[in-house]
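Shared between the two complexes below is subunit A, which pairs with subunit B and subunit C, respectively.
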Partner chain A sequence: MDRKRVDVLSLVETYRARFSKTSAGKLYGKIPISGQIVALVIVSLIFSFGTKGQFLKISNIVTIMGLAGIPMILCLGVHQVIIMGAMDLSLEGIVAITAVFSGLLLKNSVNTNDVGLWIIPFVIVLGGIAGMINGLLNTKLRMPSFIATLGMSWTLFGTAIMISRGSSIPIRDLRFQKVIIANIFGIPVVFVLAIAIGIITYFLQKRTKLGKHMYAIGGNEVLAKQAGVNVNRIKILVFTITGVIYGIAGLLLVARLNSSAARYGNNLLFPAMTAVAVGGVSLSGGVGGALNAMMGTIIVVALNNGLVLMQVNPYMQSAVNGVVLICAVALTIDRKKIGLIK
Partner chain B sequence: MMKKGLIVAVLISLLFVPQLFAQASAEKADTTLSIGIRTLTNPYQANYKVGADMYGKIKDLPVVTLTCEGSSEKQLNDVRALVARTNGNVVFMIDPNESPNVIPLARELEAAKVYWVSWWNKPDDIKVWDYKYWVSHISFDGISAGEYTAEKLFESFGYNGKIVALQGLLSNSIAQDRFEGLQNVLKKYPNVELVAYEAADWDRTMAYEKTRNLLVAHPDIKGIWAANDNMALGALEALRAVGKAGQILVTGTDGTDEIYEAIKKGEAAATVYNDSVYQSGIGLAIALAAKEGKIKVENLPREHRQYFAEATNVDINNVDEIIAGSATYDFEDLFGAFTRPMD
Partner chain C sequence: MKQIIAEFKNIRKEFPGVIALKGFDVNLYEKEIVGLVGENGAGKSTLMKIMTGIYQPDGGEFLLRGKSVSMRGPLDAIERGIGMVFQEGSILPNLSVAENIFLCHEKEFSRLGIISEEAMNKKAQEIINQHGLEIQATDLCGSLSPAQRQMVEISRLLWLSDLYNHENPILILDEPTTVLLEREITKLFENLKIIKAKATIIFISHRLEEIIELSDRIIVLKDGDFVTDMPQKEASTTKIEQLMVGRDLATGYYRVNEQIEPEEEVVLKVQGLAINSMLEPISFELRKGEILALTGLVGSGKEELVKCLSGSMIPSQGKIFRNDKEINIRQPKHAIENTIGYIPIDRRVEGLAIDLDIAENINMLVYERLKKHKLINRKKERANALHWMDVVKVKASSHQMKCGNLSGGNQQKVVLGKWLSAETEILIVDHPTRGIDVGAKDEIYHHIRNLAKQGRSMIIMCDTLEEDIGLCNRMLILKDGKFVKELECPPNAKPTPADIIKSIV
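What follows is the complex of A and B.
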């Protein structure tokens, strides 16, 4: 039994080696997200047949882009921390607190505040501070990031519930919603925004010292420290940037629904994590980047869209989602780069 | 010695302090009307007090509100203390903090011979008819709520076209009840077709996303039925994103300010309001009728002992009235809201 399994794996390896020598294989190896592209093509093919072509209609592609915007931004946030080999579960909490503050500070039907566009720097600062606290807890108090960020998530979510008294706050400043649901040249604004954040993140990772150090920490923290990387400073900085990104997403979420409540942030962590994994960002750190996060999100959103279009029974959707997820990850993760499978 | 005596005197006098601050009304010989609720900080719960005060005014009887702030223990102790203070000359409307809490409450009030009515939560195997002083247990009817909102939604497009539905958490019984109501009405109108339904877990964000996807699959739908207001509002924003808000109407259930606004703007067709003003008023009315001998508990049919009631239906015709809180209540028709018995 054991011998057979080894044979299968080595057989796969032989084919992979042979394939990577062909010109198509060289191209496949060159593009960092080729696995994800193949996965997306497969998903698209299945759904195109399943929905008699409806899946690939322009209107649906625009819908997918519109829906992918906010999850993509969140995924771009969380994946940075994961690249460093840490974990960030504070997403829902930071989104909740920025959402509630956005609701209470923009023109709304509960109080007389109206800060207008000042809300944008406000959520950036608020998210940044929350993220920085994550980083400080992780580095200065030497708490595992998993539990520090989980604690932060609950604290912020609870505070958000308290401030909003658990109810939703309708927003009267319609400008934000108008912008977020608009299209530029047929492409949803929120998607363009997500791509822009993605490009910034990409350059941050590839072209700056911060990016290099991030990967160094993710690869091997001890070695990075010995090589003179100021690990604590980088970690705090990355957590802060991630917090800023969550803050922006919180505001976008509020703008989209034209209403704010603490619980609008619920159910966002899981899709973001899924996108990270499907995108091929290794949960053990050091592997993957912004492109992976972006592709991962598109696959996850396309998947959810396809399940609705194909009219998969809601009672079955979770299960189907799980199975497809496992298949997608099995197909896309780069086992060569990940030394340890935890 | 002197000092000790003084301390004792102060301590003894302290015992009387609570009486000084006690709600003065409770000291009359009239029957006290009391409600046992969770808190006054959320609008739904706070409206229980509005209803109780309203009924107290009609009957010219003192009202005492007991809030347990989430503690079943406190709820029981407060009820016990008020029974003692009024010598049992009291009736209760209680929204049990947790469903098992009705058992000690029922025992306590049975022993004290105090009539009471409960709302919402009760373990299924505990039957009201096993008690003499527990007059009724009432819950709002998910099926009739689903039927009413479906009916109004279909009316908005002339009973002819396709709809989609957003379900709550599939495992919740109230989600299943409301959906059953929708299906009942669908059977009545063969020209209305439910082309797809999705579970959006009561969540606004999820409802938004599911609706965006549903609108791609079924661009020709004429209405969206949602099992609660939160999902209806998520669906409404999804419609707005594709420029169809107001053309395709939504319906929900719960009765939130945001859905009222949407009803006024012509973007939502209807909702069902679980009106706690009515809940406490009618609960006290039933308990008081039993105490005054106007109804004989042992003669009440079982279907009036534990039943589902119809909540307040809200559409464009009465939405202003509901927002202003100026709805009129008929607390004389004790079982007027009855829709179906609870087994």
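What follows is the complex of A and C.
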């Protein structure tokens, strides 16, 4: 059994090496997200056959874009932390708290508040503070990010439920929903926003010191520190930026549904993680970027959309997502770098 | 006379319980390569760590270009023109060559916080071309060979000293050759000799031959004190070894006088063992109490051969007999069941669980024996560990000390203890003395001789040819996956390295 496993892995390696020497392989290697593009094409082909072309209709593509917006923003948040070799599970908590605060501060049916557009800087600051606490726990208290952010997630979620008394808050300020569900040149605004955030993160990663140092930490924290990278500062900053992105996503969720509740954050972490893995961001850190996160989200959302169109049992969709996550990690994981699989 | 670039004056450093540097003077001159030698614990690394600001001296002064300085850390050192290439290397594999070279100095290429990748890559390409590296600035460092990574690191340090306008930077190389192949070492030495024209290089290595070949001057440290320095012309390995250890090692080196004649009984027979494209069929026998050396360059097939015997590689053909009974080794477990033990080259990765304590490591293979009423018995555990620690003479405060905190020599002894405790009769020892200082080496030789006397057989592959010749009863020479010849090495008629080198290369 053990022998066979080794053979399969080495076989894959040999073919990969042989392919990368051909001219098609060289082109494949040059484009940063070529693997994900191929995956998306395969998914599209399967579903367009499965749905008799319905999947690739313009209207459905627009639907996919609309659906992909918020998950893409969340994925753009979480993948930054993963690039640093850390983990962020606080997504659902931060989304819950910003959603509930947005609900209570905008014009609503529960109290008399109405902050209007001031809600935008508010969620940015709130998400940022929550993210910063993650970073501080990780760097100053030297807690593993995995457990620090998990704790934060539950703390914030609980607080959100407490504040909202467990019920949903209808919103009476309709401006936000109007903007969010609109289209620009036929493209959903929420998707345009996600792409904009994607471009900003891409730029941040490729063209700033913060980005370079983020990758250095993901590659090897000790060595990065030796070279002079201010590891703690970068980590806190990245956690903060990630928190800001979650905060924005929380507000967008509220705006789209025109109501707010703590549970809006639920079940958002898993798709974001799947998108990170499918996009080819290495879970061990240092590899992948904004493009991977965006492409990963599109693949995951397209896959779910295709399953719905094919009228696959909704209960089975969770299982499919799980299998996709496992397959994505199995195909993209760099076994040499990790060395020991724990 | 060359100008002094840096000097240590009465430099002292103490750690709890140990005086690491006893207070001595050393000078470094411009444009020279200094070899720094000494046993582990002689104070080499402490001295270098004071130079790079990782440690602060407890007494004395460090003068750089005539001025007394106290370094605040590696970054400060770099800004003052002192760079160190650490043993493990400090190149990040997931970044490109350019990103690695300019890590933390991106501001040279940025405007309003925005970095120009084009400018960065262009400059990096210029730098690596200067040093004769045939790589692209955009290549990921993970895809480079260890030698190339090392050169990238050296280029980085030299560029940094340029950046901070230092005429004659000091470059410290800590055991740079351990990760390199023979021809890469030659290339590195060529490069270093070119770099010497504008820099001072401090070269640390356990391989004295290398030090003598490369250095203009050799400084010997012992027990935290300065012993002497000598120009290259006056240096020889025996002379340096004597100075390092402070006793005469030449007599009975490798404990040749303790070598015994193996018994007639054949304990292991290999028949036509081969691995596709790596090793052509080879047959040999190993007798009881015999030490058999496998020699050859990297790629000669010797590594693969021992991997087959230890179960981490599966041969494509051939048979292995243990005491005349054919055995099938497909996993390390099978080797252990046939009492074949393997002491790997990289103790810290393959040989030891460094996060576990000494007792856990020694007992690892024999927990079955340490049970009482089906449960592992703590007393038996302790007794077994202490017994074998005593046999192999591990120096540690207790059997519960973490192996990661032991010195290289003591770690190697723990590995040895583990296999002895498992009653291994055949031991495959891959580079038994790599990274171990001279004094501890002698202890390891002593153990190897003792094991042979007790009737255990060994297959060894050593760091140097001399060591192979000195230790073994018999030698098999391999080249390019082929068996070349067999040589007897009796105590009084050992072949010389020169006799053998022709068959190897």
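Quick note on the criterion: the second predicted complex is superposed on the first by the 298 of 342 C-alpha atoms of A that agree within 3 Å, B and C clash if a C-alpha of one lies under 4 Å from a C-alpha of the other, contacts with A are read in each partner's own complex, and residues count from 1 in each chain.
Convention: contacts are C-beta pairs under 8 Å (C-beta built on N, C-alpha and C of every residue); 3 or more make two chains touch, one makes a residue touch a chain.
Every value quoted in this text rests on a predicted model; they were computed, and no experiment measured them.
On the superposed subunit A, the positions of subunit B and subunit C stay apart, so the two partners fit side by side.
Shared-chain residue A:Gln54: touches subunit B; no touch with subunit C. Rounded to the nearest 10, the superposed model shows the Cα centres of subunit B and subunit C diverging by 130 degrees about the centre of subunit A.
By the document's definition of touching, of the two partners only subunit B reaches A:Gln311; subunit C does not.
In the superposed model, A:Asn258 lies in contact with subunit B only, and not with subunit C. Applying the stated contact rule after C-alpha superposition, one finds that A:Lys107 touches neither subunit B nor subunit C. For subunit A, the partner touching the most residues, choosing from subunit B and subunit C, is B.
Superposed on chain A, the gap between subunit B and subunit C at their nearest CA atoms measures out to 37 angstrom in whole units.
Touching of subunit A by both subunit B and subunit C, each in its own complex, is seen for no residue at all. Residue ranges of subunit A in contact with subunit B, taken from their complex: 51, 54, 57, 59-60, 63, 66-67, 109, 165-168, 170, 177, 181, 253, 256-259, 261, 263-264, 266-268, 304-305, 308-309, 311, 314-315, 317.
Contacts from subunit C toward subunit A in the complex involve residues 74-75, 78, 86, 90-95, 99, 103-104, 106-107, 110, 113-115, 117, 142, 314, 330-331. For subunit A in complex with subunit C, the touching residues are 2-3, 206-209, 212-213, 215-216, 218-220, 223-224, 226-229, 285-287, 337.
Across the interface of their complex, subunit A is touched by residues 41-43, 167, 170, 196-199, 201, 203-206, 208-210, 212-217, 219, 230, 233-234, 237, 240-241, 256-258, 261 of subunit B.
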